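What follows is a set of notes on a single structure, which appears directly below.
Note that the chains are named A, B and C in the order they appear, and that numbering of residues resets to 1 at the start of each chain.
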Amino acid sequence: MATASSSFSACTLGRAMPSPKAVNGSIDSMCCYPNLFSIQSSLKSISLSADITLPRGLSNDEEIRKFSRRERIQCGALDVETMPSFLKGNKFQFDDVIEAQQFERDTLSAIFEVAREMEKIEKKSPGSQILKGYLMATLFYEPSTRTRLSFESAMKRLGGEVLTTENAREFSSAAKGETLEDTIRTVEGYSDIIVMRHFESGAARRAAATASIPVINAGDGPGQHPTQALLDVYTIEREIGKLDGIKVGLVGDLANGRTVRSLAYLLSKYQNVKLYFVSPEVVKMKDDIKDYLTSKGVEWEESADLMEVASKCDVVYQTRIQKERFGGKTELYEEARGKYIVDHDVLGAMQKHAVIMHPLPRLDEITVDVDADPRAAYFRQAKNGLYIRMAVLKLLLVGW
Amino acid sequence: MATASSSFSACTLGRAMPSPKAVNGSIDSMCCYPNLFSIQSSLKSISLSADITLPRGLSNDEEIRKFSRRERIQCGALDVETMPSFLKGNKFQFDDVIEAQQFERDTLSAIFEVAREMEKIEKKSPGSQILKGYLMATLFYEPSTRTRLSFESAMKRLGGEVLTTENAREFSSAAKGETLEDTIRTVEGYSDIIVMRHFESGAARRAAATASIPVINAGDGPGQHPTQALLDVYTIEREIGKLDGIKVGLVGDLANGRTVRSLAYLLSKYQNVKLYFVSPEVVKMKDDIKDYLTSKGVEWEESADLMEVASKCDVVYQTRIQKERFGGKTELYEEARGKYIVDHDVLGAMQKHAVIMHPLPRLDEITVDVDADPRAAYFRQAKNGLYIRMAVLKLLLVGW
Amino acid sequence: MATASSSFSACTLGRAMPSPKAVNGSIDSMCCYPNLFSIQSSLKSISLSADITLPRGLSNDEEIRKFSRRERIQCGALDVETMPSFLKGNKFQFDDVIEAQQFERDTLSAIFEVAREMEKIEKKSPGSQILKGYLMATLFYEPSTRTRLSFESAMKRLGGEVLTTENAREFSSAAKGETLEDTIRTVEGYSDIIVMRHFESGAARRAAATASIPVINAGDGPGQHPTQALLDVYTIEREIGKLDGIKVGLVGDLANGRTVRSLAYLLSKYQNVKLYFVSPEVVKMKDDIKDYLTSKGVEWEESADLMEVASKCDVVYQTRIQKERFGGKTELYEEARGKYIVDHDVLGAMQKHAVIMHPLPRLDEITVDVDADPRAAYFRQAKNGLYIRMAVLKLLLVGW
């Protein structure tokens, strides 16, 4: 639906949870995420129609503001709680996890605390029973073994059970031809939570609008992959010890990677963050993010000198140049690919406390000899994905 | 093996359970289903050879009767129990669930009672442990994600565990070339019950004849899909409150759908049922079923007026016109497909207490605007599949 | 890596466990298997480089001896335990199960005792909780439904949980291009033990060298499939009651079957064993095994007379002629395939206590009429695979 270049939405989803910021009218907390459990309510259908027109790019601020204001009025009836509550036993503020933009700073912080608890639980044997009796359906319309295993491990580490399909496309294949909505209505009858991977941007939102059980977006095409965004921020906090005042170098394919775009967005919620963009010309960070960062007062600069950036940063976040984005232009791809490699020399330039991150899989944009250095944080980062997913599953199913 | 047009067998399978009707010599309870646990017994091998000649169509009643009589003699030794027993703790009357025709009215009623218990169990968290320690193998020779997830959910809701393969064809692929019987002998060593989906009519029966553990037929090609038949009847009883005296309109592809054929068969066990057949000329209900209904004293009529039928019926059972049955004749398919659509107008003609059912997936033979009406029962019907499968698993593994 | 014809390694892997034989300098216990848990230790990296040069064929004994001696020195520091300990509660002697050659006679015997316990556990309902809280990842780079289900059943019968992928190739597919080592580092974060099937000889060893959790080789191309080797020896002991002094006829494809090669190797550890090789000319047993058997004092002979061999043997081990090894030469294949069939006549020649084994799947190299004879042990053999895998999982995860 949305194209790769405009897959970024500034609208925070947050049902019944206007944070203090929302009162000030900032764009990132203006719309609310309807309680998907109350399918019958007319309120839901109204806000859903708004969802459809929700701008995924940031090119037209005026329209966003207009949308937000209109949405605000519609959501008025839901504004019962005026402060989020992260107290143990309370319900989670969201019915679904669809976009990185759902989360405010205080929510992120509370989620990260739960993730830390999860680290402790995972270490213990024979494992937790927190989600005993709960059934998760992994509804994958395209294979993503890494993401699937991570979610399924998270569920099982908490004592939950899993129904798996990587073959969900069969539901909507030519012969059968079922709509996503019908599939969701069927699968929600078999499970307590749906983790969905889809090839189409916006599919997770449609699923959540239909389902009466929680939906987690495990990547919808060029759109969103919110648990990846959460685990990235969580890893920085775990590795560096703080999020305010950090310097982060984003390296590689900054145009197509939803990872770095979401990360830049989420980091803008912290104080005195400085971002460096280091990328080949053809895959530079797009203006929507740059403008947004500027509007939020986040300092950023572009650089062609990876060594210099590495020497200044707390985090060097390397990414893979995605060959599939270059069509047949192999030459262009090869040139881009070889330009910024994190190797032993880059490591040498880095500070002692700094770390290297990567969303994985990597090809050769980080050389293998870097792996043994304690500053190579990417496998720890992958592991953090487990804790974040455990936390999100726990929160959606049993609350804080 | 059998072709699509003759996939209907009139022979009820029922080991050691001659219902009162059987005594009267009616065709639907004449053959008995051998105790598959006693593989060594010569009795088994005799009745198996009979199974192979079991007529799948109803075209030759004489032969059926001959077969039945012969079978009756062979089964004599097993006629120890003369009345079925549905008392809690008793063994289930069947070792396998292979065909809709296994079930008599009283057995259906007892199974539905168990399904109701299952509804209560499914609602409770953290879930039942009735099947704890049991292992189900879903042995799928072709993908059917909906059916597979439904069975796996059923097993897990009861505390059981699952081994999954949608890739069972690999066992018998060119390079490996194993017979179904060898595969079953291997898989039965790993599990306590086998749920099998196969592309060939009769495959489930062959599997059951080999296995020393229960086999459930989850669809064998154009043949049988007995849990679908059970859930359809169960849904009618749940929605309408009774099965005697109901009026049911069967709409759409009545020639190829095993669903409507099995449903018509099972409804013939109830009193004063009236069936209406509404279908495009090319996919009309076949004579074998019509003759069978007539022989059982069930009233039926064909109609081209969906609105009129809808106004009279308790249940409008819509089905998908199966494109794959039309070969290349797209025009014929398109014509058939558009002919009888259940839409808002049909809904308007229907009585207040009536319901619309559909085996799913649907294309556009029921319009989406119908979904919101409480009379749209098809997603509840899909959910009932879960309860029926829970019941069947429970019955086969631990009894009444 | 290694070719099919040289996939046999004489080097026993055994960390910190020099058996008495090792002291005598025999080639099968000279190298030691490094503790894969201590990834950081320099000792590990040294012995890994040795692993890479580990000869997989037996053509160059001199080199093996050289390697072994060098390795012996490096392993010296680990020689703390001088006697293996099979006492309940003790740690298993191995961190991984990669090759049949890891196991000495006393270890085999102790593993078989655990497998017997597993038989008892499997019979009980609702099943054991020995591995409750443990998570096994089945990482399959090619489908092998039989092996996968066997391992997954084993894990679940012991109360453990499973993460499944038959689609592991996706990790390393063109677009993603991840190394095996990176994949392992990711998957080890999600699970407690990895069962890996790969198309490349040596892949399991590479995985084990990377992983900080146990790895079980479930077949790596033409290389090894150690649990198959274990279950074969276990079956002989269970069926015949002893391993010393037995006569075994290996029939069929002796050139390509890793099964018969491993079996011959393991049987050389027992006293007074006699082997008969019965195979078509094109797929004869290779010289490396023959030379090895001779060097260990094992009697063997080749024969073209299956009937005569059958009359002398305790075990007739039939194998499938692998069509895929013949390229396009169908005629040659058909000739080889039809040459030695185990049928009712062969059965007639066999002694009363003797058994027929087969690794399955079979085509027609054993006729179906043999199945009913109690001497047909191949389905019991398949079932023994479950017990052996339960034992190996238990040993690697919780020890003796």
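The criterion applied here is as follows: contacts are C-beta pairs under 8 Å (C-beta built on N, C-alpha and C of every residue); 3 or more make two chains touch, one makes a residue touch a chain.
Chain labels with UniProt names: A, B, C = aspartate carbamoyltransferase.
Quantities reported herein were computed from a predicted structural model and do not represent experimental measurements.
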Angle, in degrees to the nearest 5, of the Cα rotation that carries chain A onto chain C: 120
Same-residue or different-residue interface between chain B and chain C, half as cut-off: different
Centre-of-Cα separation between chain C and chain B, whole angstrom: 44
Chain C, residues touching no fewer than two other chains: 164
Parts of chain C lying in touch with chain A, wherever the complex brings them together: 129, 132-135, 137, 161, 163-165, 167-168, 170-171, 175-179, 181-182, 185-187, 189-191
List of chain A residues in touch with chain C within their complex: 125-127, 143-146, 148-150, 152-153, 156-157, 164, 166, 323-324, 360-363, 368, 379, 382-383, 386
